[in-house]
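Chain naming follows the written order as A, B, C and D, and within any one chain the residues start at number 1.
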Amino acid sequence: MIVSQKPIEIVNILTHSNRIKTFYLKLKDRIRVAPGQFMMVWIPDAEEIPISISYFNGSTMGLTIAAVGETTRQIHKLKIHDSLYVRGPYGNGFKIPRGINKIWIIGGGYGIAPLLLLAKKASSMNVKVISFLGARNKDELLFYDQFKLLGEVFASTDDGSEGFHGDVTTLVEKYLSVSKTDLMYACGPEDMIVKLIKLACNHNLNLQASLERLIKCGIGLCGSCCLDPLGLRVCRDGPVFPLKILVKLNELGCYYRSPSGVKVKLSD
Amino acid sequence: MIVSQKPIEIVNILTHSNRIKTFYLKLKDRIRVAPGQFMMVWIPDAEEIPISISYFNGSTMGLTIAAVGETTRQIHKLKIHDSLYVRGPYGNGFKIPRGINKIWIIGGGYGIAPLLLLAKKASSMNVKVISFLGARNKDELLFYDQFKLLGEVFASTDDGSEGFHGDVTTLVEKYLSVSKTDLMYACGPEDMIVKLIKLACNHNLNLQASLERLIKCGIGLCGSCCLDPLGLRVCRDGPVFPLKILVKLNELGCYYRSPSGVKVKLSD
Amino acid sequence: MSINVSLGALSLRNPTILASGILGTTASSLIRVYKSGAGAVVSKSISINPNEGYKTPVLIDLGYGYINSMGLPNPGLDEMIVEFKVVKSKKVKLFGSIFASDIDEFKYLASKLTDYVDALELNLSCPTKMGVGLEIGKIPWMVEETTREVYKKSKVPVIVKLPPLVTLIDELTLAAEDGGASAVTLTNTAKAMKIDVFSKKPILQGVYGGLSGKALKPLSLACVFKAYEVLSIPIIGCGGIYSWEDAVEYILAGAKAIQIGSAIVSEGLGIFKKICIGIKKYLEENNIDKINDLVGLAHRR
Amino acid sequence: MSINVSLGALSLRNPTILASGILGTTASSLIRVYKSGAGAVVSKSISINPNEGYKTPVLIDLGYGYINSMGLPNPGLDEMIVEFKVVKSKKVKLFGSIFASDIDEFKYLASKLTDYVDALELNLSCPTKMGVGLEIGKIPWMVEETTREVYKKSKVPVIVKLPPLVTLIDELTLAAEDGGASAVTLTNTAKAMKIDVFSKKPILQGVYGGLSGKALKPLSLACVFKAYEVLSIPIIGCGGIYSWEDAVEYILAGAKAIQIGSAIVSEGLGIFKKICIGIKKYLEENNIDKINDLVGLAHRR
């Protein structure tokens, strides 16, 4: 665990698209990482934000970051040998229960990134992995080739530049008519998660999904990431939740809390 | 290392004489002990005092305490199942250099106690141990039988109730006419140490001696145990010093510092 | 062996209380903490209007405590009342914490909130926002006046939360007592900071933050001990309580109840139950009937 | 690359100074620390008459700092002058720390010591003795008056050492400046305590002690940062400095030199050299010529 903000050198940068890059950091501290955990990432004069871990080999860590706003755009300007300040890893991560034979992995957008570590781990445990990856376009099908090495992959893109032209959940739904799975794992936009929860319930499948809410402290102290109605914290009790919890989270798809704690409606 | 004052149960008490007892404590924390190191020992409503470790087997620690004043008399009132508060171990301890074949161990009064651990360690390293123990009377020849198990023992008592009737340094001096040693180790009253330093110089022998000064903090911070003229701290740089240092300590046998730091003459 | 305690008119099922600002903005979170074993929960400090607080980073983990500069984010009075109604519907013992920039605001908040909470806690001690916390809490007459005005508007007991200014704490707590406080909470965080040597800038956007956790305990405990010697009203201890031993130290120093914040990170929400069990066992082993008989025992000579 | 610094008329070979009360009663100890690399050494605080201090235990190791209640033991003015003569004969840069219970005593001490030291440090901030430390150091006008009277009697620069009262530190340091101080040392320990739950008593015989080490740093650093915004005289940072990073944080906050105490336990006497090497490397890597150009850089916006 890296407890406090401290600069870590960027040793490599992978540019996936004009919007998404993966930054590789060389860690000096020895830490342990579970797939699905995240780091708090900061650079001076910008904000500190949560970013999932997309790669880890014991000393090098990969963070895949989409430029969506002020801070992520600042980070995208960094070059090799610059530094990112990180602390973590935080959160619970995905669990692979004993006796599982086959899993489906469903990622949307930058939500694909943390699933790569999960696919690798499952694979190393001889669990069969089938991946469903959805993105804006072919370039943003993150780590597409690596997922292929780990099992069958179904892709969907918004612009049809690769695979199915449309929504990744539609792809999953279609596949459900020909096959089944022990457990689905999902990370991606909230509407995708909400659809998968319904799908899981309807088809009697199990599901673990990684959620996003506003993270400020990252360690379960400040309450800014709490979910109604159970008061669960995304940063500490999550970000990954099992289906039996997910179905109870009545705020999902409806609203989230702003920095002040005011409810903000999710328009969809 | 036990950093802070905390109560540890007394599991056994060995009464050597009406003046000296050994208290055995059962430790929960795992610590490492070198022969010659000391603990800071406290009970509420009394003072915290330094006491050398006379026994250690990984979980049980022995502290041999002479009742000489207010606090030590209070401690002597404790029973089995009562507690002593301890922190430590502190200080450097005796060093057994490689290639040493034979050592002499010279203890006076309760200064015999910490030497038992040293004798055991030397013995386990196949170093031949000859012990010279001096005390008021036979009862205060601490751990006499145990020393005997570890090698030849010469005893002296002030009252002649066992061994040589007289001073332990005289005993050592006598023995020097028939034998030699690689290294002498000493712990005991300051005048004994001073005599042994002279003896070591005159006979070209090596020496390590454990010293006493007023210990308040025990960790090398407050300066109350500093020795002139080098500013060495008994609690941190000592309590054990090698001959090349001992010969330079011009305050030895002359004066020590009171709680305020005022020099107090040693009358002898 | 019962470990319920009363703070004047307030009675709690046990002496452990969730500290303000810790997981305390939403109803569901406050209910969860109460269910996990707390004797009462204090809400995040509330202002009249919504407040976003500072931008991240808002937290530095020192390993032996935290420095935070949340900057009192909260959704404002109206939204909080909505949450409080939910909390109260579950019979949760709830203290509403409030902060304001002047006495009129404090009065307004008190009069609006008094119907939805079991007690009001005045936060006169936030080290990160200018003019709303420490600026009042370090000056005895301002503490007294603010307390008195809130007291007049409140139907529920008023608790005053003060900063860990050990050298001034007797005057400050007496001022709160004189102003009508039913209890004081000692203490809030200590004003603190950290600088990043690489960028050469303070890490927290608000420059200063509040020190909490282990590092704060020796100071807060000294405040409780010192205040106990002059006060007649009960003291709620707060600062770096991680275990039943820590809690008992505060009680021996003079606290009747204790609040828990930072320790939730390392000890989890089970800490409330764990501390209650520890206190119970301690009372048993020491043949002490009730917590009241333990309060302030460290003052015996 | 030179790391010497000047504090007004005082110039030091490097910015690391041994803090008062740490190994500082005997000449041989002070000389040893100076030889091990310190830029200057401060003596134990001296009173007119010998003082035994509190009985042991006088130290609690928290793991993240210490609470001490030495109670200012010292052999008194006359004996210390004997020691100081030895120290000065070795060309050691020596600050004499003094404490007293009234201004006349302070004046007497200053007039007697001024010939044997390179500077006087007024300890107006000891948290353990009544009436001789914090009781003065928390009240601006008393700080100013005491400083002024000592200043008048002293031929050497007068440094005023203050407590870590972050909220009052601007007023307190300005008072020292107005009184004629050449520099301020920020800070002394924070008033703190610990209770033994088994005996139900404070562990330290003096009840309160002073918190030093890691736990103190966030508070002392905030004091330096805050004082730098109002002061013209140099600041000496002190509190929880264990590494060159800690030292640089203080310098960025506004300190020209720094004092080291508690860290000697874990880092050894090599700490002075180690910190100097670290600062030198940092200056090089940042292309900064001298420490002066680093002082207060964290205040840039």
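Here is the rule we use: contacts are C-beta pairs under 8 Å (C-beta built on N, C-alpha and C of every residue); 3 or more make two chains touch, one makes a residue touch a chain.
Bear in mind the structure is a predicted one, so any value in this text is a computation, not a measurement.
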Quickly list, by label, the chains bordering both subunit A and subunit B. none
Partition of the remaining chains by touching, absent subunit C: A | B, D
Among the chains, which has its CA centre at the largest distance from subunit C's? B
I'd like to verify one number: the distance from the centre of subunit A to the centre of subunit D, where each centre is the average of its C-alpha atoms, in whole angstrom. 51
Distance between subunit C and subunit D based on Cα centroids, please, to the nearest Å. 33
At what distance in angstrom does the C-alpha mean of subunit D lie from that of subunit B? 36
Going by residue number, subunit D touches two or more other chains at 62-63, 201
Quick one: which residues in subunit A touch 2 or more of the other chains? none
Classify the inter-chain contact topology: is it line, ring, star, complete, or other? line
Which of the chains are touching one another, listed as pairs? A-C, B-D, C-D
What residues on subunit D touch subunit C, complex-wise? 62-65, 67, 127, 134, 138, 163, 165-168, 190-195, 197, 200-202, 207-208, 211, 214-215, 218-219, 221-222, 225, 245, 248-249, 252-253, 282, 297-298, 300
For the subunit A and subunit C complex, residues of the former touching the latter: 3-5, 7, 40, 42, 44-45, 47-49, 83, 85, 87, 216-224, 226-233, 257-263
Going by the contact rule set out above, which residues of subunit D touch subunit B in the complex? 21-33, 44, 50-53, 55-63, 66, 68, 70, 73-76, 79, 196, 198-199, 201, 203, 261-262, 264-265
